[in-house]
Amino acid sequence: MALTREQLAQRVAQEFQDGYYVNLGIGIPTLAANYIPSDMQVVLQSENGLLGMGPFPLEEEIDADLINAGKQTVTMVEGAAIFSSADSFGMIRGGHVDLTVLGAFEVDCQGNIASWMIPGKLIKGMGGAMDLVAGADNIIVTMTHASKSGQSKLLSECTLPLTGKGCIRRVLTDLALMDIEDGKFILRERAPGVSIEEIINLTGGKLVVPDHVPEMTF
Amino acid sequence: MALTREQLAQRVAQEFQDGYYVNLGIGIPTLAANYIPSDMQVVLQSENGLLGMGPFPLEEEIDADLINAGKQTVTMVEGAAIFSSADSFGMIRGGHVDLTVLGAFEVDCQGNIASWMIPGKLIKGMGGAMDLVAGADNIIVTMTHASKSGQSKLLSECTLPLTGKGCIRRVLTDLALMDIEDGKFILRERAPGVSIEEIINLTGGKLVVPDHVPEMTF
Amino acid sequence: MSGFDKVVTSYEEALAGLEDDMTIIAGGFGLCGIPENLIKEIKRKGTKGLTIASNNAGVDGFGLGLLLEDKQIKKMIASYVGENALFEAQMMNGELEVELTPQGTLAEKMRAGGAGIPAFYTATGYGTPVGEGKEVREFDGRHYILEEALNGDFSIAKAWKADRHGNLMFRKTARNFNPMAITAGKISVVEVEEIVEVGQLDPDEIHLPGIYVNRLIQGTFEKTIEQRTVRTA
Amino acid sequence: MSGFDKVVTSYEEALAGLEDDMTIIAGGFGLCGIPENLIKEIKRKGTKGLTIASNNAGVDGFGLGLLLEDKQIKKMIASYVGENALFEAQMMNGELEVELTPQGTLAEKMRAGGAGIPAFYTATGYGTPVGEGKEVREFDGRHYILEEALNGDFSIAKAWKADRHGNLMFRKTARNFNPMAITAGKISVVEVEEIVEVGQLDPDEIHLPGIYVNRLIQGTFEKTIEQRTVRTA
C-alpha cells in the first residue's frame, strides 16, 4: 500500500535527531512536526525569519505579526529567535540548518530537482525553495512516486525547469525511500506491502536494488 | 600663521550641517566634535559599531564595553544605536554617512590618499580607513600642509602606498582649504595671515589660485 | 535642532517626490509587515510605471494588489506572486513584467544595495532558469552565479516602534524584508505603530539605526491575515 | 532532551578538538568584547601554527598578545596590529605572517563565510596594495575588487548574555565582530557573562540565534581597558 500523507510525515520524522534545526516546506513536510519523537527536541526554522516555530495558535493567540513561510498564523516556542530575511537566508545558505524537507514535481538521478514551475500553467515563483536546496547539505524531498496517470516523477532527467542542480541525495515517496548516488537511485526502503517490481516499474531513472530492501516501519 | 590643532578642528566643524551623521577619525578630526555649533545637531558614527557617540565618560561612568574606534572609553548620547562591525561598514560602504573626516600622510591632485603605511617604518594596518574613503561621498582630509622639514604633503602623485584612489575632493591643512577637481588642487581659503605665495611654495601638486581667496574666519 | 527629526504628519508628505517610472523597494512578507498605508497613498497619488521589488505582490484588494487595479506597476521583482487573480491576468497578457528572484537572493540583493556591495556570488539558482545569462564561477569546486545589488529611488517599509530619529524596532515576523528594504532606497519612508521620544529605546535593542530612515510616519494598520490557521485547546 | 543545551563547564571542554595548524576566527575589537578566557585556554593548551582572523592582535600580555609569547600564531589576518612590541618583532623577523585586511572588508568576509556567500565585490582597497592580485571589475562606472569569504575550523567569541540554547545578546560596543565571527567557524565557542534559562530572552531582542553556537561557557572577565579616557564634570 502506498503511504498516506500521515505515514509520509511519520517517515520523515524518523530522520530527525535530537538537537536538529529543521526547515519543513509547505504540505507534507510541515506535518512531520506532529511526529517528533517525545524523547527528542527539534527546532523548526521558518525562512521568513523565525527559529523556534510552535504549533498553530489558539483562536485567542492569533497574531498577524507572527506567521510562517506559508503565511499561516503560528506561535513561538520557548527559546525562539526572530531575525530578518537576509539573516534567515544567510543561515540557510551558510549551511547552518541540519535538515531541510520539501516537496517537488520531479527529481532525477543526477540529484536535480524541479519544484516551482510548470511552463504555461503554474508560474507563482520559487519563493525560498532555490535557496533552501542550494544551502542545505541534508535534504529530503517528499512527493508521490508517480503522477495520477502513472507517470514517474523519478526521472533520468528532469523535464521541468530546475529548482536546483545536483543537490538532492534522498527522496521519500509514497512507495519508497531512495538515496541518490553516482547518477543512480538506490532503493533503501519500501512502503509496507509495496513490491520491488512496482517500484521498478514506476521509476524512470536508473534504479539500483540492493539485495535486501526492508519495509518501512512506523 | 599656520592653524593650531584647535583651529583645524574649528574649521572642520564649519562643514557640519544640522542633521549630519559624521564619522571623525582619530586625532584632529575627533577634536571637531568640541566645536559643533550650538544651534545644530550632529550625530557621530564610530565604526566599531556605534551611532550617537557622546563625550568621554566621567570617571564613574567608565565602561569597558563602550569604546570608540580609537579604543578610547566613551559614552552614548540619547538616541544612540549599537550594531555589529558588518552592519557598521555596510552603513559606511553604502554611503549613508554624510561626512567623513580623517587624517593623512599625503594627498595628491588626482584625489588619491595615503594614510596608513610607511614602508619599513610604520606597518600597523589600515583599520577602517580604506573602507571609509571608499564609502563616503563627502570626505575632508585634515593634515599639515608640509612635513617639518618643509616637504609638501600635497603632491602631484602620492609616494606612499595608497589608502584610496581618486576619492578625496577636499583637504584642510594648517595653511589652506582646497578642493580637488580635474587633477588640480583649487585653493578655496587660506589660514589667517598666511600668504598665497607660501601656500604655492609648499604645494607639490598642480594648484589653481582663484582671484579671490578669502581668509578663514573662526 | 530638528535635523534628525524624521517625523512627517501626512502620507502625502511621506511620499512627496515619488514620480512615474521610479523604482521602489518594499518591505513585508505576504501581508505581514507591509507598509499598507504607504501603498494606499501610492494608489491615491496614481503614480504609474513603477518597478517594485517586494517578496510578494499582495492579494486582490490589499497590499500591492491595490496598485494592480489601475495598472500602476510596470515591473515586479519578487520571489512568489500570483496569490491574486489580477496579477496573474496582467502577467499573462504581458501588461506586467515579472522578474522572479529567489527569496534569499532577493533579501541579499537588497542588503547589498544598502551596504555598498555591488554584486555577490551565490549557489542559489545555479543551473536553473534564474542562472541563465549570469556569470558562473567556481569556488572550492562548487558553482555559483553572480547576482547584482538592488537599489531604489524610494523604499517603503513598516516597523513597530520608532523614536523621532528613526531608530527602529520590528515586531516578530513582521521584521522580514523591512530592514534591508529600508537601507536600499535613496529616500526611505517608514510607517510605524508608535513613535516615542528620543532616548526611550535601548541602544542595544534597536534593530535598524535611524541613519537609514528619511521619513517616518505613524499609522494605523488593518494587518489583514492571509492564512488564519488555529488549533483547538 | 539535551540536544540544544550548548553549555559546557570547562574551558578544556570548550576548546576540545582544537589542533595545531587550524584556523580560528575571533571576535572582539581592540580589547573590547574579546574571548579573553578562551584565548588563555589556547595558551594553556599550547596549540601551535594557528592562523587567526581578528580585527586586532591584543596587547603585550593580554588578549591574542598572549599567544605570541610562545609563538603559537603562524599567521594573523587583521586590520590593525602592532599595539604590542612582540607582535612587531615577530612580524619584522618573519616569524609571523600578517595579512592586513581593511576593517569593513574583514567584517564582511566573516559574514560572507557564515552566510554561504563565497565572494563579493567591494570598492574598499581598489587601487591600493590590498587590491593587488585581486580581480577588478566595473559596476556602474566604478571600480571594485573581488574579496573572498573567510571561514575557520573554530570561532571564538564573547557575548553578554545567553540562554542555554545559545541565543545571544551582546552589550554595547562589545558586539563588534563577535556575531559574524561566530557564524564563520565550523565549531563556534562562545563565552558569556551570564547564562539564563531558555524562554527568558525576548525573541525580538536576540542578537544572534543559537543555531550558530556549538559550545557555550560562562566566564569571568577582566575587561582590560586599552585607552582609559575621561572628562571631568
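Chains here go by letter, A, B, C and D, matching the order in which they are written, and residues are numbered from 1 within each.
Everything that follows uses one rule, which is that contacts are C-beta pairs under 8 Å (C-beta built on N, C-alpha and C of every residue); 3 or more make two chains touch, one makes a residue touch a chain.
If you're wondering where the values come from, they're calculated on a predicted model, not measured in any experiment.
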{"item": "Of A-D and A-C, whichever chain pair has more C-beta contact pairs", "value": "A-C"}
{"item": "Centroid distance [mean C-alpha coordinates] between chain D and chain C, Å", "value": "32"}
{"item": "Chain centre separation (chain A, chain D; CA means) in Å", "value": "35"}
{"item": "Geometric centre distance via CA averages, chain B-chain A, whole Å", "value": "55"}
{"item": "Centre distance in Å when chain A and chain C are each reduced to the mean of their C-alpha atoms", "value": "29"}
{"item": "Overlap residues in chain A, where contacts from two or more other chains coincide", "value": "50, 76, 82-83, 89-90, 92-93, 134-135"}
{"item": "Multi-partner residues of chain D (at least 2 other chains)", "value": "108, 111, 115-117, 122-123, 170-172, 175, 203-204, 207"}
{"item": "Topology of the chain contact graph, where touching chains are joined (line, ring, star, complete, other)", "value": "other"}
{"item": "Touching chain combinations (by label order)", "value": "A-C, A-D, B-C, B-D, C-D"}
{"item": "In the complex, chain C residues that touch chain B", "value": "1-4, 111, 113-117, 163, 165, 167, 183, 198-199, 201, 203-204, 206, 209-212"}
{"item": "Residues of chain A defined as touching chain D within the complex", "value": "17-21, 39-43, 45, 50-52, 76, 78-83, 89-97, 134-135"}
{"item": "Touching residues (chain side chain C, partner chain A) in the complex", "value": "29-33, 55, 78-83, 91, 98, 100, 102-108, 110-111, 122-130, 143, 160, 170-180, 207, 223-233"}
{"item": "For the chain D and chain C complex, residues of the former touching the latter", "value": "108, 112, 115-123, 137, 139-140, 142, 144, 148, 169-172, 175, 203-205, 207"}
{"item": "Chain A to chain C touching residues, read off their complex", "value": "46-50, 55-59, 62-68, 70-74, 76, 82-86, 88-90, 92-93, 112, 117, 123-131, 134-135, 161-166"}
